[in-house]
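Below are structures written as structure tokens.
Both of the next two complexes hold chain A, though its partner changes from chain B to chain C.
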Partner chain A sequence: MSLVADLISILLNGLQQGAIYILLAVGLSIILGTLEFVNFAHGALYIIGAYVGLYVAQGLVVSEGYLAEAGFSDLGLGMGFIVGMIVVALVVFVLGLLFERFIARAFYDRPDTDQILVTFGLAIIVQEILRVSLGSTSQPVNQPTWASGSVPIPGVAISEWRIYIILITALLVGIVYALVEYTDFGLVVRAGTMDDEMVRLLGIKLSRPYIIVFGIGAALAGVAGLVAGPLSPINPTAGTDILVPAFVTVVIGGVGSIRGAVAAGTILGITQAALIQTQIGTYNLAPWSQVGIYAIAAIILLVRPEGLLGEEVDTA
Partner chain B sequence: MSEDHQLRSDGGTAPATGEDATSANGTEKATSRVPGLGGDEGRIIGLTALAVLLFPFLFAEAPVISDIIQGYAGLTTLILIWGIFAMGYDLLHGFTGLLSFGHAAFWGAGGIAAGLLVEYAGMNLPLVLVVVGTVVGVLLAWLIGFLSLRRGGIYFAILTLAFGQMIYFTIFGPLGPITGGEDGLLLTIGDLFGVIPLNAGVPVLTPLGFIPSWLYLIVGIFVVISVAVAYRVLNSPYGLIFKAIRENEQRAEFVGLNVWRYKLMAFILSGAFAGFAGALHTIYNGAASASAFYWIVSGDVVIMSILGGVGTLFGAFLGAGVYLYMSNILETFVGTLWHVMLGLLFVIVVWLFPGGIWGGIRALRDLLTDLIGGGGSEPEAATDGGEPGARAPADAGSDGGENR
Partner chain C sequence: MKAAGVAGIAGLAGCTDSLTSGDGGDGGGGNEALGNYPIEGDTATFGFNIPLSGPYGSEGQDELRAYELAVKHLNNGGGWVDSQFDDLSGDGVVGKTIDYSEADTETDKGKARENARQLIERDNAIMVSGGSSSSVAINVQDECQKQKVLFMACLTHSNDTTGKDCVRYGFREMFNAYHTAKALAPVLGEEYGEDLEFYQLYADYTWGKSVEESMRQFLSEGPGWSEVNSVATPLGTSDYSSYLSDAQSSGADVLLLNHYGLDGAKSVRQAVDAGVDEEMDIVVPLYNRPMAEAAGDAISGVFGTVAWDSAIDNTPSNEFTSAFQEEYDRIPSGPAQLAYAQTLQYAAAVERAGSFYPPDVIKELEDYSYSNIGMGEETMRKCDHQAQRAVPVVRGLPADQIETGNYFEIVNTTEASQVTYGCDTGPAAQCELGPYE
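Then we have the complex of A and B:
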């Protein structure tokens, strides 16, 4: 009985943690796969989403930083999570479009190391602007009232919000997957990924589909920031903390593969959840949970350097 | 057996390849860069030693300058330590073209190894700690390099990032009870050779304002040695192969070089400098903690090396200086805003001035010598040790401040 309950809670916790990785990794992966752009500022989009979403959905507590000095203490619209998610998706989508147009596009023809460096610099700027204006303390976030109960399974103490995160992720990733696989838009994007020169020769303008891909990837990251808010703290460095597992998810899933990202995120999330809940004798494995996801990643990459569902190995 | 054979045949072909790679860039000075010609090397070492000697004076004591920049002597030691770290990083990124985001692991490992030795073995002789830090840096770099070099380009950056974080979480989580976790270890560092306190002033020199402490003197000597080693390596046939890999990896491979092996050696070499500097940092701080392993620290050294100038060796010290100046001195004037400014500066340099500060100085000097009538710049350019503006393949065609 308790074993079953343990397994269920590992599964649900793992899927939920994996869902956050998936939301970030799908965006990173399609941007990397189609635009061949490495975005170290993806964590910054996540944290912008978190702050914007929190502002719309509940409110920000401002106790230090420039805004506090300017006399603001509590900011916020308190419009609830549903509105918050929609606004975040739109705002960060537009940010993604601007980012592609004015920053990423200037770096398509430069070495990918330059892309990493410039986006890394931008990530620092975003993080530090948030810090100076809103302070570095974590923002308190409540779960939405309609999801604050716990799952109706005896012996499993998991809040409903985790289930909602899994469902929201499944919905959003499903939409993106359908968009890429079954629409004309997706056809152009996939064709561009295979051979952009040929697509251009056929008279199809690729810059518009590409900028939209970037926007979608950004929006997913922004939504991830908001939905993860009640479970992992929202503070300026949260973006840099989450970036690394997100990249690991992309690489072990296989670059450009949405299904790969989903598989990889699930594996990492469940590994992490299992280690957190496992105890050998009196020794708790929880401290190993973060190490575990990288160990799993290392093993997968040693066996399959191209990732779970990746196709080619770029050894250059 | 076959590995051995490989090594020997590499060694045999190396000088020819090195020369080929350099002359492909249109440089005529290829011969003057082959080692054994002591003149350049002697001058480099001499100039470095002079700079190390004058730096604290100019930064913290000199009448007008130090008043303007508000420098203080304590910071000079720290700048040199980070400078060694950044220079070692430049060996990898600037000269071999590999962008690593995992160097915090080696820096941290060198630091924590020294810390553990003091804490649990009671061994607190500074020089022993430094040696141990270096060895640990080498071993860890060997392991991570072996795993990460399976793939190149961005994958290499991401893999080093991932393995670096794995080590961070290992030190922080499971090993937390030993390493002190978030708080780290507070240490009492022993005296130099067991007799000279590190923070004491040096007779004659300290009162004159030149060398703030024995620790600075030791670090300064290490800087000179590090520069000499790095310069010697880069100008050896072995180092020329690093550059060949950066310029055109495929070509290096076709010539018959085992590219993977040279990349691994470059990685280990830079890991050694990182571990070495990490141990020095522990000695400087009298503390070691897991936070030195966090990936943002890798980012810090990337920022320093790029601000200073990629592939310029000495730029690393300038980059470290600018970074630490902003985080320690500018910070007292503008608060946390310094970090925003640093980010902006970094983005601007990456975007518009890939040569960094050192590249800027060189461009300025070349401009001046051109104005005056040229001719004089030639021998000086040869002492710089590496090609400026080295931005991996993109610049391969236009490479060469030396030709400017």
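Then we have the complex of A and C:
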């Protein structure tokens, strides 16, 4: 393999792996930065998005759990991936609104530990409901037929769908960034983040923008669940597994910073890809790829305890 | 701890009646207390230590179904208890009703060892079974050896389980990586040709390393293939794309994915999605039904070996499939057959010994020959407690033939005589079984 193909491969693999972290981390980060709410149920929204998306886009065969016992073994609408993504975004957005209104809001003024307990408990409840309903068997998610080839670059083995994941992430995160940075809605949200008491004194009600922030964060997690589906068969515990790297991305990027989350996700993804694909003599660095992520995290936090772009939140 | 305490009291009391087996259905009069023997009361408890979550969670769920079915048949008759195991009667085992406790290993060796302690010390398990991960099985059987409780290994495929980490109190029905490589290498040589280059990705723990080493050995010795590179991947890796990019660019002809469970489903699917299969032939040395189900049509054309499959057409296999389907309305996987078989094998050995006294049961299992679990003639070898048995070699069906419950075809069932090895060679050469008592 030529050096150029090597670098392209590392770049594309890294960007794609980082993209999933970014989709999750942006939602997590804006909720944490704006509402100061620690949402351990973010992974549950991810897996709900994956299952709803699978149901709408493709369909699933259920061979265990309550639904199978009740005779519902072939489920699904088969409406395609694009419809699936739109439906997932809407459904999980609404779930996010309901979650904020009926659960999260009651915990805004409570300690972080209370927030962690309630959201972690909720995540387990969702996981178990999925498990008893649909079984714990992993469900394959096919790549959309329009993205099922591989990238036509000699020496680079990457499926087209991974490129689409990068593009979808860029588009969605770009929209959210524009919404927060360049609209009146975003201005209110940012002002509320800096000094919510002053904003309220100015007669602006913050509950509405806050609930929408929550819904947007949730929708991003849901879409992440569906777009990551073709990379890894989904099962009820997948949401819990992805939560840790998502939180690491938020912390490295700086809580509340969209640009920070993007930078952190990209750095983590490329670090991981580079370590896996680098060989020094006969020694392959792949076994250090997981360690590498946390080493990078430790170095960044030692140098900038507030995260890469953490200050931006305080001064924005 | 409990076991040691009981044994100590037994010594002090000079083997009082209460601590020796009487004739109350256990029939081992005169044997000293050992492990959780003798059993008090009318119920004997089996401990099932299985992965209900983690990368091997799907396999664990199916194992649990089979364990529950085995317990049901031991107490009430049915399945192989009625048809294949003459030693069993369907009214318990040597007069005891069988009960069970289960624990989730989470596919973690530390958790699995702690579970084993609890199953033995808290639930008084007289036998422990389980597995799915070899590091789990090795740790649990080590604990069982210390506590003098039998471990009937379910799914564990590392050479070390009955090689350098073998124990007197552990028995393995499942074949190992050495057997797999001996069975698979000739098939691959015939299918793809000789003097090819291969590249390996392997799960970074005892099992993955076993498969990697054995495949390298037999692909070199057999069809004369040479290894280009071999790369370890962490257990539970979510994205293999970077590993696959490197593999594809290596120029090798064949890619071996030594991953299992959900990890195996992910790596083979990601390889096919990335188009790796257009330039390399993909082999997954060990796979199973839940894996193939999760991988979908990515498994098409992929060679591997399986513990057992419902497509193996003989009386015991068909009876097990039928009993399992009747109970759960689903086709059993290879790990399920192992779980069911190992539970009944233990119970039958107890019946032959006439007692749950562990050394007597061990001696009944050692060098025991049988042909009642659907895999032909087998021997549970005395020197390493490794079943010498046939190995089914399979190939994923074409995409248009894949339906629920039908993912691969049996290419051949390599006879035990073709894959066996001596007690002083291969993994067995490193095996030193511990004491009986």
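Throughout what follows, the second predicted complex is superposed on the first by the 303 of 316 C-alpha atoms of A that agree within 3 Å, B and C clash if a C-alpha of one lies under 4 Å from a C-alpha of the other, contacts with A are read in each partner's own complex, and residues count from 1 in each chain.
The rule is simple: contacts are C-beta pairs under 8 Å (C-beta built on N, C-alpha and C of every residue); 3 or more make two chains touch, one makes a residue touch a chain.
Computed from a predicted structure; not experimentally measured.
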{"item": "Fit or clash - chain C, chain B, common chain A", "value": "clash"}
{"item": "Touched partner set for A:Pro233, first chain B, second chain C, both or neither", "value": "second"}
{"item": "Touching partner for A:Gly149 - first (chain B), second (chain C), both, neither", "value": "second"}
{"item": "Chain B versus chain C as contact partner of A:Pro287, first or second or both or neither", "value": "both"}
{"item": "Touched partner set for A:Thr113, first chain B, second chain C, both or neither", "value": "first"}
{"item": "Chain B versus chain C as contact partner of A:Ala178, first or second or both or neither", "value": "neither"}
{"item": "First (chain B), second (chain C), both or neither touched by A:Met198", "value": "neither"}
{"item": "Identified clashing stretch of chain C versus chain B [55-63, 73-81, 109-117 or 325-333]", "value": "109-117"}
{"item": "Overlap of the chain B and chain C footprints on chain A, listed as residue numbers", "value": "286-287, 289-290"}
{"item": "Contact set on chain A toward chain B in their complex", "value": "32, 38, 106, 110-118, 120-122, 124-125, 128-129, 131-132, 240, 244, 247-248, 250-251, 286-291, 294-295, 297-298, 301-302, 305, 313-316"}
{"item": "Chain C to chain A touching residues, read off their complex", "value": "52-54, 57-58, 61, 204, 229, 231-234, 236, 238-239, 241-250, 262, 265-266, 269-270, 273-276, 278-279, 290, 293-296, 298, 330, 404"}
{"item": "For the chain A and chain C complex, residues of the former touching the latter", "value": "1, 5-6, 9-10, 13-14, 16-17, 61, 63-64, 135-140, 142-143, 148-150, 155-159, 161-162, 230-233, 235, 237, 241-242, 272-273, 276-277, 279, 284, 286-287, 289-290"}
{"item": "Chain A-touching residues of chain B, taken from the complex the two chains share", "value": "93, 97, 99, 101, 147, 150-155, 157-159, 161-163, 165-166, 169-170, 173-174, 176, 249-250, 295-296, 299, 302-303, 306, 335-337, 339-340, 342-344, 346-347, 350-351, 354, 391-394"}
